[in-house]
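Order of writing sets the chain letters: A, B, C, D, E and F. Residues in each chain are counted from 1.
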Amino acid sequence: MCLAVPMEVKHIEGEVADVEIGGVRKQIRLDLMGDKPQVGEFVIIHAGFAIRVLNREEAMETIKIFQEGWNLELV
Amino acid sequence: MSSSDPLRDPALCREVLGRIEEALQGRSLRFMEVCGTHTVALFRSGVHSLLPSQVVHLTGPGCPVCVTHESEVAAYLELAGRDGVVIATFGDLMRVPGPGGASLKQAVAEGARVEVVYSPFDALAVAKANPGDKVVFLGIGFETTAPTVAATLRVAKAEGLSNFLVMPFHKLVPPALDVLLADPEMSVEGFMLPGHVSAIIGTAPYAPLAEKYRIPSVVAGFEPLDLLQAILLMAEMKRQDKPRVVNNYKRVVSDEGNPTARAIVEEVYRPCDALWRGIGSIPGSGLAMADAYKAHDAFEVLGVELRESPPLPGCRCGEVLKGKMPPDKCPLFAKACTPANPVGPCMVSTEGSCAAYFKYQLDLA
Amino acid sequence: MGNKLLLDQGSGGLASHRLVADVFLRHLANPVLARMDDAALINPKGPLAVSTDSFTVDPIFFPGGDIGCLAVHGTVNDVAMLGAKPLYLTCGFILEEGFDLDDLERIVASMARAAKKAGVRVIAGDTKVVGRGAADKIFINTTGIGEVVSSRPPSGHRARPGDAVIVSGTLGDHGLTILSHRQGLSFEAPVQSDCASLNRLTLKLMQRLERVHVLRDPTRGGLATTLNEIAQQSGVGIHLEEPAIPVKPVVASGCEVLGLDPLYLANEGKLICILPGKLADQALAVMRRDPLGRDACVIGTVTAENPGKVVLRTGLGGRRLLGMLEGEQLPRIC
Amino acid sequence: MGNKLLLDQGSGGLASHRLVADVFLRHLANPVLARMDDAALINPKGPLAVSTDSFTVDPIFFPGGDIGCLAVHGTVNDVAMLGAKPLYLTCGFILEEGFDLDDLERIVASMARAAKKAGVRVIAGDTKVVGRGAADKIFINTTGIGEVVSSRPPSGHRARPGDAVIVSGTLGDHGLTILSHRQGLSFEAPVQSDCASLNRLTLKLMQRLERVHVLRDPTRGGLATTLNEIAQQSGVGIHLEEPAIPVKPVVASGCEVLGLDPLYLANEGKLICILPGKLADQALAVMRRDPLGRDACVIGTVTAENPGKVVLRTGLGGRRLLGMLEGEQLPRIC
Amino acid sequence: MSSSDPLRDPALCREVLGRIEEALQGRSLRFMEVCGTHTVALFRSGVHSLLPSQVVHLTGPGCPVCVTHESEVAAYLELAGRDGVVIATFGDLMRVPGPGGASLKQAVAEGARVEVVYSPFDALAVAKANPGDKVVFLGIGFETTAPTVAATLRVAKAEGLSNFLVMPFHKLVPPALDVLLADPEMSVEGFMLPGHVSAIIGTAPYAPLAEKYRIPSVVAGFEPLDLLQAILLMAEMKRQDKPRVVNNYKRVVSDEGNPTARAIVEEVYRPCDALWRGIGSIPGSGLAMADAYKAHDAFEVLGVELRESPPLPGCRCGEVLKGKMPPDKCPLFAKACTPANPVGPCMVSTEGSCAAYFKYQLDLA
Amino acid sequence: MCLAVPMEVKHIEGEVADVEIGGVRKQIRLDLMGDKPQVGEFVIIHAGFAIRVLNREEAMETIKIFQEGWNLELV
């Protein structure tokens, strides 16, 4: 359920942001974002609304875990 | 199609597959995903075909389209047939069958005015363009989608756009998980938890999974590596007998979720019981319009009621949705029931469990 | 003459004759068409390939083309896919009362350019004007006739195990372009329709590689649908390597945003070529020398197993079915 | 499948394939069409006559026929008017979402019967479904191909002074039938469309009378418009004897009531034959032996004077021009 | 086309033609028909081409379409362009050009909703089918047509069909004849009087023709023998110098006309001045809505006004309509002015004087 | 101006009559007829209304005058 894609914020005006991915540009709504994203950040878009800012460090983290030795610590 | 994204890296994925085999130690893992996008991602990426045979994949009630109840379909089809009503909807609902196989596709062919929109916000534009009509947006979707509809309603109210109405058919995931888990026949050994629902609700609502039911659960993303990691984590937790709720989709999901989105939902909606197709009524699993938004409630304004409709004869969706039966074990599967003539909802949406099996699974072909 | 089309201009009377002379004959004239008899007289060498298509695309103007050139390319390509040399086109126009005459002229001029480039002549035409609201702006039917140049024309029935499956370039460009201009789905994407006539490319293939088994243009329904048709017609399986299938990043992104699959999006300037595996390199070389085949690549093979099915091997090495869809893809949220 | 057409059925996907199989192939099947390649493969003997027409008639069912058989007759006739033997048809359907599937089947079955009777095969087809309101129920394009049987095919350019002008029967039947069923003009008239394929009749004429100069079917615009075209193409005058022009009393009456002229009403099963005057009797004999030419008669002659014009001699012996109209005739009160 | 009707009998007609020659005794007869249907009948039957050269046929203001003023066209085109307005009209008006060449045909192409009806009564059905719109019937026509519109308005009023409106553009024949006869350049020696107008108004209104102006006048039918008899009667009266008004169409026209029809017109309309294209304003030659019918007056209800529009440059319709100039002597005739691009109204309607010359007259071709 | 055709009255119901000519049948209005026509009579129809009953004796009269000696008496 709930298809969502990360898109880069290019421009913000009020509750509307221009976002882009792979050349595709859309206008989306920011109503659901408590802290508005920064230009250059990636937001996760669902049904025309940003629902989250993408945390890039976390993104790298996930991969690193697996790249660096598989220490799956289940704390 | 190729991607240099490390989350799609074949070598990494193969390594994780190897680790899953190791972690299983020859034992089985019956895991359930509860998100249709996971269903499709498992198949489309080919992960499903690569999993060791001990890993048994069960599909849960993972698609807000599939779980839209026949009575709900009947209600919006009744509205679609009225003069002066324009239905605005996500494309997903167009082919969902109601009683007698009727659908929005057919309603359009019979003269109904239906606009497919990408966003509920686009439906506001439809309302503005048709001031003499009532524009009814069909508010389907889980916790991820409900806030987008709620935010749209807030704007409609602020702008005084009185011809914009919503039929709220939203469904909530945690109450449905409770029902699944309360079922004594339930034999799931791991949950792959929905990524984007969790982005809104956070991880707290899943606590009982580990605490009460002792089932390893992983909030997962949708890339191949996300899927494999989640399975590996479930296998590891099972091996170590340390059931927990692990958030392995931290790039999108924080433990607290999105409180702004939840606040908007709380302003616009109030919890209610809801009908799930194939399952029936689940207490507290739906959202109804809050009093302050009654003027935009299509049920209220247009006088529609949900009428009990008979269950679809022969369909085993209930069992499939509960993970009791894999789709291809339904006697109707691929015979009387195909995507062209779906008997049950699971065969309708691209994300439906039965449809995914029908469409993607090679050995069934 | 005002700048909006009147019903009179489709009546067969004086207003019709002026429209034909001022717009259609002016742009499309050639001695065969100019006879203006009930039928055109031609003298081709048989056997012939004949194909018909109606074009109802909306929007009628889009990046990379318009309904006019599309109506030429589409039918030229269908004729070319029989390994034939398209020579003649007929055109039937259904126009909505009130249609902009400047737009009509622009469309007809575009057809004329496309026909000239493809080396085909419009030999017969027909114009109907229907009342406002009885049609959406303009529909064009074209029927094409071409001379078959091979003693064994390619056919969807001729795919054989061991054959290579080649596409001439990136997939989904046309479909995504049209979607991006559809009302209610407003997004921008730097992509344009690939619409083009492929007959010069197919002729080269036919001349250099006598043993082409199948040529087909993956239009409506896209690559997936077309390959399923071939698999069924030939009673073979088709196995694809997903990473080898060329899709522009912008098309892939657009599809992700809307929840669509580019393999089901229409193409209007691409072809599928299926021929014995050992000729694949040679075919690629021929195609890549042509601008319309620059991005050609082998995407899979024909197999004896899984007859009637298209199987995709993913980047991970997993496999899945690539079936036919029930209908058109709709944007989804789940 | 419901009984209303869905957009999916024109998508190119599974629903399309079922529609093609269940409706089109079922009624129109033949080995060429059944190949279902991008183009049909035929092997006619050249030279060929090729004609295209789109059919948008409203109502789609009318006394004497329907849009389906009309689409066959119309194009068969245009091909036949070159003295050719029509052999192949292509069909392009544009259908409105929500169109009644039973009506579609009725129309396709009618096409199949008409094609069989005319001896032509449908070798290629195309189906588009457009959204509700984007087309009016159903439009059909047909393109016809026929083998030319004469070394000097008839042509609108070949009328010569001294030629006789023959019509094969009564005029205006089709046009009045359609008008009488048009919304807002409610009148009843015991008349039906004359729509029919004339190719067997024209073939007899061509075989028995090598020197037929012109054959043409007076469709849209009627006898008057068609004769004006011929007069202009051939640079001759055409002189008609008004009392000789056959018009059914009911058609004449209907025209009087609405203020219309039957000579401008469409015919769909009549032909004009122009040939040397001394062959007129022979031509009449051939025509009258065929049920479709039973009421054939000479209505005038070709002259050197008044080039490009059609002149009518009235019952009183007076003369007047019979010109082309600007557009379609509208009912009048004055 | 043939007819066994004795009124179309060639032998009888030839005899009358001979009698006309005799009656003329070598002298000329300049006669005018004032009815467009006579114009067309003269040409279509071929009578026109058979008349002895001494008989000069002048065409008067004979077509209610032709005489519809540019200002009137401008007024209804303005309405046609409005949302919520459906125009219902006789087909005759569709191509009549207004200022700048605009017409209803073009208005439709630009989105106006226009229904062609056979009878004003059919326009009532249009009004019933479009309850949310104003349906405006264009009330053109002479004394023959005005009663049909008036009778329709009576029904509309009785049924309370408040969305049925009429724009009355009717014209009356006798006042126009007065204007023609008052013109000092007028050199007409005989009038062929309109058959169907006379069926309504009877013959009394024509009395001044014989008494005051001493012009032979014949109420005529439309068959070839009717036309020839009328010309013969005019020639005879001229020869005998016994100008009268002869009713030679007694099968349809009685001396008293149709009083019922006139009474209905008097109930619904009141006389007013009217603008005639090419002529200008003629006092008392039009009909406006009576007070009791104001609720159905499109001018009143929709707030339309006739605005002066400039005369068409170069057009000699005024002179043609007055019989001062045969159409083919207009410098624009068949050059700048053709039925496809009519400069003036006489070229528009099938009945227009210039159009009839253009379409039917052989030696002009 | 004012095209009008004679049609035979076939049936009358209130202000509506079914009329026919040469096989063509229409419904027309009788509002303008003071004395309603009889079935079998011919009425002159203009714009969907009967405006007169056709006087058949007069019709014959016109022709007879001309057939029987041309005595054009202009009284």
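By our rule, a contact is a pair of C-beta atoms (placed from the backbone, for glycine too) under 8 Å apart; a residue touches a chain by one contact, two chains touch by 3 or more.
Bear in mind that the values here come from a model prediction, so they are computed numbers and not experimental data.
Counted as hops between touching chains, the shortest connection from chain A to chain C is 1.
Using the contact threshold fixed earlier, the set of chains in contact with both chain E and chain F is D.
For chain C, the chain whose average C-alpha position is most distant is F. When chain pairs are compared by their number of contacting C-beta pairs, C-D comes first.
The geometric centre of chain A is 76 Å away from that of chain E, both derived from CA atoms. Averaged Cα coordinates give chain B a centre that lies 72 Å from the centre of chain E. Chain centres here are Cα averages; for chain C and chain E they lie 57 Å apart. If you average the CA atoms of chain A and of chain F, the two centres end up 84 Å from each other. In chain F, the positions touching at least two other chains are 1-3, 46-47. Counting only residues that touch two or more partner chains, chain C has 6-8, 14-15, 131, 186, 252, 259, 326-327, 332-334. For chain B, the set of residues touching two or more other chains reads 36-37, 63-64, 90, 105, 118, 122, 141, 145, 339-340, 351.
Across the assembly, chains come into contact as A-B, A-C, B-C, B-D, C-D, C-E, D-E, D-F, E-F.
Interface residues of chain B, counted against chain A in their complex, comprise 6-7, 12, 15-16, 19, 35-37, 62-64, 90, 118-122, 141-142, 144-145, 147-148, 151, 154-155, 194-197, 199-200, 225-226, 229, 232-233, 236-237, 240, 242, 244, 246, 248, 250-254, 258-261, 264, 351. The touching residues of chain E, when paired with chain C in their complex, are 101, 105-106, 108-111, 339-340. On the chain C side of its complex with chain E, the touching residues are 2, 4-8, 14-15, 18, 97-98, 131-132. By the touch rule above, chain A contacts chain B in their complex via residues 1-4, 28-29, 31-34, 44, 46-49, 51-52, 54-56, 58-59, 61-63, 66-67, 70, 72, 74-75. The touching residues of chain D, when paired with chain E in their complex, are 184-185, 242-243, 245, 247, 252, 258-259, 262, 306, 309, 311-321, 323, 326-327, 330-334.
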